[in-house]
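In what follows, structures are represented as C-alpha cells.
Here come two complexes built around chain A, the first alongside chain B, the second alongside chain C.
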Partner chain A sequence: MGTSATATNELPLAGTTRTRTNLQLATQRFVHHRLAMAGLAITLVLVFIALLAPLLAPEPYYYSDLAQANEFPSHHHLLGTDAIGHDFLSRMIYGVRTSLLVGFVAVLIACCIGMPLGLVAGLRGGMTDFLVMRVVDVMTAFPGILFAIFLISVVGGGLFNVIVVIGLTGWVTICRLMRAQLLSLREQEYVTAARAMGASEAAIAVRHLLPNALAPMIIAIALAIPTAIFAEAGLSFLGIGINEPTPSLGKMVSDSAPYIRVYWHLGFFPTLAIALAMLGFTFVGDGLRDALDTRLG
Partner chain B sequence: MGRYILARLASLLFVLFAVSLITFLLMHTVPGGPFDVGERRLPEATHQAQLRKYGLDKPLWEQYVRYMWHAVHLDFGIPFQSPTDSVIGLIKRAWPVTIKIGLLTIGISYTLGVLLGFIAALRQNTWVDYLVTFGATLGLTVPNFVVAIWLVLILSVRFQLLPTGGWGSPKQYIMPVIAYSLAPMALVARYTRVSILEVLHADYVRTARAKGLSERRVLVGHVARNALIPLVTVIGPQIPNILTGSIFIESTFRIPGLGRFFVTSTFTRDYPMILALVLLVAALWGITYLITDILYTVLDPRIRLTGAAVMRR
Partner chain C sequence: MSEGRNTIDRDSLGYERIILLHMRLRRRALLGGSAGAAAAALLAACGGSTAPTATPAPSSGAAGAPTAAQSAATPIPTRAPVAVATTVSGSAPTGTTAASPAATSPAALPADAAAPDQQVYIVNTTNEVKVFDFWEAVYARPTINSLFSEPLVRLNNDYELQPASAESWKVSDDGKTWTFKIAPGLVWNDGNPVTADDWVATFQYGADPKHAWDFTWFFQGIIKNWDDAITGKVPLDQLGVKRGGDANTLIFETQAPSPYLPAMLVYSWPLSKAALAKSGPLYNTKPETSVSSGPFVLTSWQKDQQIVFERNPKYKGKLTPAFTKIVQKIADAKTNFTAYQNNEIDYTDHPAPAELKIAQGDPDLSKQIFSSNGDFRTFYLFFDVNTPPFDNLKVRQAFSHIVDRDAIQKSILGPAGTQAYSWLAPGFPGSQREAVKDIQKFDVALAKQLLADAGFPDGKNFPKQTMWLRNAVALDQAIANAIAASIKQNLNIDVEVSNKDTKLFTDSLTAKPTKIPFGYVSYGMDFLDPFNMLSVWLSGGRHSWVNKDFDTKVKTAASFIGPTDQRIKMFQDAERILVSDAPGVFIYHETPIQLIKPYVTGPALQPDKSGNKSLHWPGYTTADSSPSGLYITKDVTKLRKG
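Up next is the complex of A and B:
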C-alpha cells in the first residue's frame, strides 16, 4: 500500500486535472471559513500564552504585594492588581493556562470513556447496547453542570479533581454520538455490499465504520473543549473548583464581585478571557463542522 | 401509542430510581457528615442523639427505603441547613422566585428567538441574517455569568441605572432575565432560521404562492405553521432547565431562588435537600421529554411513536 501511495504522488500533474483528496478539500474549506480562522487565531494565541506562561507573566502567579493591592491598570501593572496585590496580568496568564489544561485533559478523559463505550454499544448492540444506554440515560437526567457540582461535593475541589470530574461528566455526548454514528453507518449500502462480499464484521468495523465515524467525532471533540472550559470556569466561579494558589479565570470573576463597583478591571478582564476562550474553540469547532461535514452543506 | 407511553414511563421510573440511589450512596460514602462542624465537637452522647433524631444511625438500605417511602408522599424530610423548616417548605418558598425569572425568560427568549430566526431566514444571506446568526453563536457560547458581569459593569457601574443585585423590586428582575434569556433565545433563533429555510422552498409553499395567496398568508399559514412544529423538540426540553433556575445567575445577582440551594446544600452535605433537588430536576426533565415527544406526534401526524424511532436527542 505504501508503494502505491508514493507512485500516485509521483504522477506528473502537468496536463491533467489536479485531483484533491478529501482532506485537502476540507482544509481548503476551513481556510476560507472566516470565523473558523478567527477562532483558530484566538485559540493559537491562547495556547501560546498557556505554554509560555512562566516567560510571559511579569510576576509569579503566587507573588502578592499587599502594599500594591487594588490598583487600577497602569504601566506598572498593565491590568492592575487584585484585592491582595497579585499582578492581575500574571494571574490572567496563568488562569488561561489552567483553563486550557482543564479543557484538553478533561476532554481526553471524556474520550477515553465515551469512545470505547460508544464503540461497544454501537458494534455489539443487544444487551451491551441496552446497558450502556441506560447508564447514558441516568447521566443525562442530571442536567448540565449539576452532576459535576455534586461529584465535586463528594471528592472536593482542586485542579486534579476538577479535571477528573469534568471528564467523568463529559463522556456522555461523545459516547452517544459514537454509537449513533455506528448505527447509522451500519445501514449504509457500502456496508451491505462489503458484507455481501464476505467481509468479516471486524473488518467492516475497522475499514468502513470507524473511518467514516471519524469526522463527526473530531467535530464533537473540538466542541467538547469549550464545554469543559466553561465547566471549569463555572465551578470555580461558584467557589467549588480550582483552589488557591492556582489561578483560575472563573474564580477571579467571583473574587472580583464585591469590588466590581469600583475596580471594574477585576471583573472585566477575566470575563473577557473566558468569553474569548469559549468563542475561539467554538468557532474552530463550527468551522470544522462546515469543512468536514459536506452533507450538511 | 399507549404502549409507547407506558414504556417511557417505566424507563423514567428506572432513571429516577437510579439517580436517587446513586445520589444517596455517593452522599453517604463520603467522609464528613452534616454534623461535624469544624472544631466545635459535640459530646458523644449529643452527637449520637442527633444522628438518631435524623435516622442517620440506621443501616444505609433502611435509610434509603425510608427516604423513598416518604419521598413518594412528597415528604423529603428536614433540611440540615435549616432544621426548623422542611425541605418541601424551603423549596416552596424559593422556587416561586426562580419560576418568576424562568417564566419571564421563557416568554421573552422564545418570542424574540422565533421572531429573529424568522427575519433572518426571510433575509437569508443579507447582513440581517449574518448579524442574527453571529449573535446566536455569541449567545450560545458566552457563559451567562460572563454576560451577567458585563451587564452589571455597564448598567449598574457605568450608567448606574439598575441595582447590582438583590431581590424585591421589578428593577432587579431586568438584568437576571436578560442574562438568562440570551442562550435560549439564541438557540430558538438558530433553529427557527434553519427550520423556516427548509420549509420556504417546499413544494406546498410554491403551490400556495402559485394559487395567488398573499405573501402574508403564505408566510403565516403555510411557512410558519409547518416550520414551527419541529421547534417543539427544541423548546420543550429547555423549559424544566429554565424553570429550575441558573445557579450562576442566581449567585451573581444574589437572588433567593432555587439555584443557590444546589451549592449551599452541596457544601453543608445536606442530604435531604440534595436528594430532593436532584429528584425534582430529574423528574421534571423526564416528564418534559415525554410530553414533548407526545406533543410532537399530535402536532405532526406524520410522526409515529415506536420504540426506537423517536430517540432522545
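Up next is the complex of A and C:
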C-alpha cells in the first residue's frame, strides 16, 4: 500500500520488512501496462462469451429460417441474418467459442508435444538433442500453413482434425524455445548444487529447471493462441477447415465474400471478431513479455 | 521490446502471416467455380432457334416446312423422318432455293440488324482451352466451339432432332443397323468433299486407345465393338462405324436396338480425314493447318489473350449465321460479370448469387436475365441403401419429406432453379413432375412419423451423419446447409456438411462398396432421351441402389422400337418406382441464368414450345440451329465499348 510502482525492495521505516516476490512485481508491471490491460479485458470478454454461448445466443447456431434470409441488422436480429436464415449474432457468439476452443486446445497439444521434447533435448544433449533438432529442422522447412493444408487434405476437415493439425504444426517453436532455455539454465549453479546433493536428473528437471523455464513459455503460449486462431480461420476460409453447421469465423468471412457488395454485414462482423480475438491475446502476450522480461538474462 | 536472447518470435507457432497469398489457393472456389462455369458454359453457350417454323419461305419450293413435319415427331425419333430435308435454315425470306443445301451467305437480315462489320459476337472463355474439337478432348474446349464441321443431326429451338450433315437416315428392321445419307455438296475449305470416310476416321480416332479420349464411356455398350476397340482388343477397322455403298452413305452398327442413337449423334462433329493424315489430330489448333466445313474458320488464337473466328466463305451447309466474327477473350471466370456490366462482352452465364442479386436490382440488367433449361440438371440427395440406417425405406422417405423446396427456391435459388420432386426436369422428354409431385412432398409431420416408425422417434439413436458435397459452389453449399438445418431442427438428427474435392468424391462414390453413406450431387443430361437420365440409376451405375423392376423397365424401354408414347410411358413407370423407393431425394432442377445484351436477338431467343425463352443447349454450335437464329441489332453502337 502506498508503495510506488517502480520500487523494488525499498527498505521500510521503523523495523518492518516487506519483500515482494518476483511474481508480485511482475503482476504490478503488467497491471500498469495499458495495452496489456486492454488486451486482457478483450480476452476476458471473449472467454466469457465463449463459455456462456448457449445462454447468450438468442438462437441455437444451427437454427435457420429461410424466409428470413439475408436480412440487415434490425431489432429482430441484432446483427442480421445470413444466406440461409441463421441469426447472425448467434452464429458470431458460437463462432467466437469455436475460435477460442481451437486456439486453446491446439496450443495445448503443441505444448504437450513441444515441451517434453524440448526438455529432453535440452537436458540430455548429445544424440537425443541431435535427433530432436533435426526433426525440428525438417518441420521448420515446411511453411506452417502449407503443411497444415497438406495434413487436412489427407485426414479431412472437421473441428477435431483442425485442432490436431494446428497443434501438430505448431509444436516446433515451443520445443526450440524450451530447449534453448534449458541449455542456459542447466549451467546455473543451483543445478550443479542439486546434482552434487544427489538429486536425480528427473527431479532436477521438474523442481528446478521447469519452473524457471516457464516465463518465456508463458509468453510463447500467449502469443501462440492468436496464431492458432488465425490458422483455423485461414483453413476455414479456404474451405478445408471446420465443417458446417459448426460456426467458424473464418468460414463466415469466406461465405460472405461474394456478397460483400450487397450484404456487407456478413463479412464485417466476423472479421472484426477475429481481429479482436487476435489483438486481445497479442496485447496480453506483449504485456507478459514486458512484465516477465526483466527476469530474463 | 527487449532484445534479449529469449525474444519470442511474433509468429510463435511458426506460421508466416502470408495467408493473404494463400487466398489464391482457394482450391474449391477456383477449381469448382471455373470448372463448373467452363463446363456449363461449354454446353450452354448460346442457344439457337429454328427457322421461323410457322412460315416456310414463300419462294421456297419445298412443300410443307420440314420443321412442321418434324415437330410432330417427339424428341426421340426412333425412326428417322425419311422425308427429304429441305433447308431448315433460318430467315430466308428471299429466294434461297429450298432443295439445295446452299445459303452460304446470310440471307437478308432484319431491318434492325447492324451492318455486317458490326455483327461481331464477343464472349469470355477461361484459360483452360486446349482444343476446339469435341472428338479431340471434350472438356478442354472454349465457350464457343464446334463450328468447324457439322454433326449428322442437330437440335432446333424445341430440342427436336433435325437433319444437319445427314439429309436422312433409316434403321433396319432388327433395329441394329442405321444408314445415314450424307447431304451432297458439303465441302471442307481445303477443297475435299465431306464424305462418310470423315466420320469413320473420326469415330476410329475417338476409340483409339492411344488417343485416350475423355468421352469413350459415352458410346460404351452402344456401338458395335466400341468396348473392345477402346481397350485395344480389336483393331479399329472393326468398329461398327463404316462407309456404306458410296462416299455419301454412312453405316452405324449397334450392339442392341438403340432408338436413341440419332439423339446421341448430336455430338458427331466430324474431323477431316485428310487433315488428320496431313497435320495430325490437333490440326485445328493453328490457323494455317485448320480445316473447316462449318460456317466459321479459325482466324487467330493468341494464347492467353483471345480466339477469333470468322466466316467461312466456302461453307456449303444449311445454317445461315448472321455473325461475321466471333471473339472469345480469355479471362478468369470470376471477372465475367464485371466484364458484362462494362459492356465488354455480350453474354455470360452462371452469375454468382450475389451478382444475380445485383442484376435483379438494376433496372437495365434485370431485363437481360434469362432462365434457361441448361442441360436439364437435377440436384439431389442420395443414400447408400445397403447400409443402415438408410437401408430402411421409412428413413429415406422421412428425409424426402423434410426438404422445404419452396422456401429454398424462394430464398436461395431464385431464378436459378425450380423445385424438383422427380428425376426428369420439366421440358425433358418424359418429364412428369406434376404427376409424381406428392410422393416426395414437403410434410414435416409425416417425416417425423416415418422416422418414429423406423425406430428413431425424435431422432433418438440416429447416428450422426456427414453430407458429402462434390466441390460445390456457394449456391449449393447454402442449399446443403439449409437442408442440414432442416433435418436438425425437425428430425433432431445431427448432420455435418463436408465439401470434398471432385476426385475424392467421385472415387469414393463409385467405389464398390460405396464409401459415401449420404451426399448431395447433381446430374445433367448427355443426350435428349429418358434412357440417358434414367440410366444413372441402373444397377451397377454410380449409386448403390438395385431395383430389378426399375432395371427391366428402363432397359426394355431403351431398346423399344414400337410407338413412342408407349415407350415414354414405360420410362415414366420406371421413374415412378425411382421416386417412390427414394434412393435419392430430388431437390431442384437447375435453370442456369444467362445474361444477354439487348442488342443480341433473333428467333433463337423467342419462347419455345414450352414457353422457355433463353439460349438453348447445346449453344452456339453447328449441333444447334441457333447460329441461324441470332443477330446483332443497330443498338450495339450505343452500348458496346470500343
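By definition in this document, the second predicted complex is superposed on the first by the 256 of 297 C-alpha atoms of A that agree within 3 Å, B and C clash if a C-alpha of one lies under 4 Å from a C-alpha of the other, contacts with A are read in each partner's own complex, and residues count from 1 in each chain.
The rule is simple: a contact is a pair of C-beta atoms (placed from the backbone, for glycine too) under 8 Å apart; a residue touches a chain by one contact, two chains touch by 3 or more.
Here the structure is a predicted model, which means the values were calculated and not measured.
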item: Partner chain(s) touched by A:Val253 [first = chain B, second = chain C, both, neither]; value: first
item: Touched partner set for A:Arg261, first chain B, second chain C, both or neither; value: both
item: Which superposed partner A:Thr140 touches (first chain B, second chain C, both, neither); value: both
item: Chain B versus chain C as contact partner of A:Met278, first or second or both or neither; value: first
item: Which partner, chain B or chain C, touches more chain A residues; value: C
item: Chain B versus chain C as contact partner of A:Ile149, first or second or both or neither; value: both
item: Touching partner for A:Gly85 - first (chain B), second (chain C), both, neither; value: second
item: Which of chain B and chain C A:Asn161 touches, first, second, both or neither; value: neither
item: First, second, both or neither for A:Ser236, with chain B first and chain C second; value: neither
item: Footprint overlap on chain A, comparing chain B with chain C; value: 140, 143-146, 149, 180, 230, 234, 237-240, 254, 260-261, 286
item: Chain A-facing residues of chain C, complex; value: 1-2, 4-6, 8-19, 22-23, 25-29, 352-355, 357-358, 404, 407-408, 410-412, 466, 474, 477-478, 480-482, 484-486, 488-489, 495-499
item: Footprint of chain A on chain B - complex, ascending; value: 11, 14-16, 18-19, 22-23, 26-27, 29-30, 134, 137-138, 140-143, 145-146, 149-150, 152-153, 156-158, 164, 240-241, 244, 247-248, 251-252, 262-263, 266-267, 269, 274, 278, 281-282, 285-286, 311-312
item: Complex contacts: residues of chain A adjacent to chain C; value: 62-64, 66-67, 69-70, 83-86, 107, 110, 139-140, 143-146, 149, 156-158, 166, 169-170, 172-174, 177, 180-181, 216, 219-221, 223-224, 227-228, 230-231, 234, 237-240, 243-246, 254-255, 258-263, 285-286, 289-290, 293-294, 296-297
item: Residues of chain A touching chain B in the complex; value: 35, 134, 137-138, 140-146, 149-155, 180, 226, 230, 233-234, 237-240, 253-254, 257, 260-261, 264, 267-268, 271, 274-275, 278-279, 282-283, 286
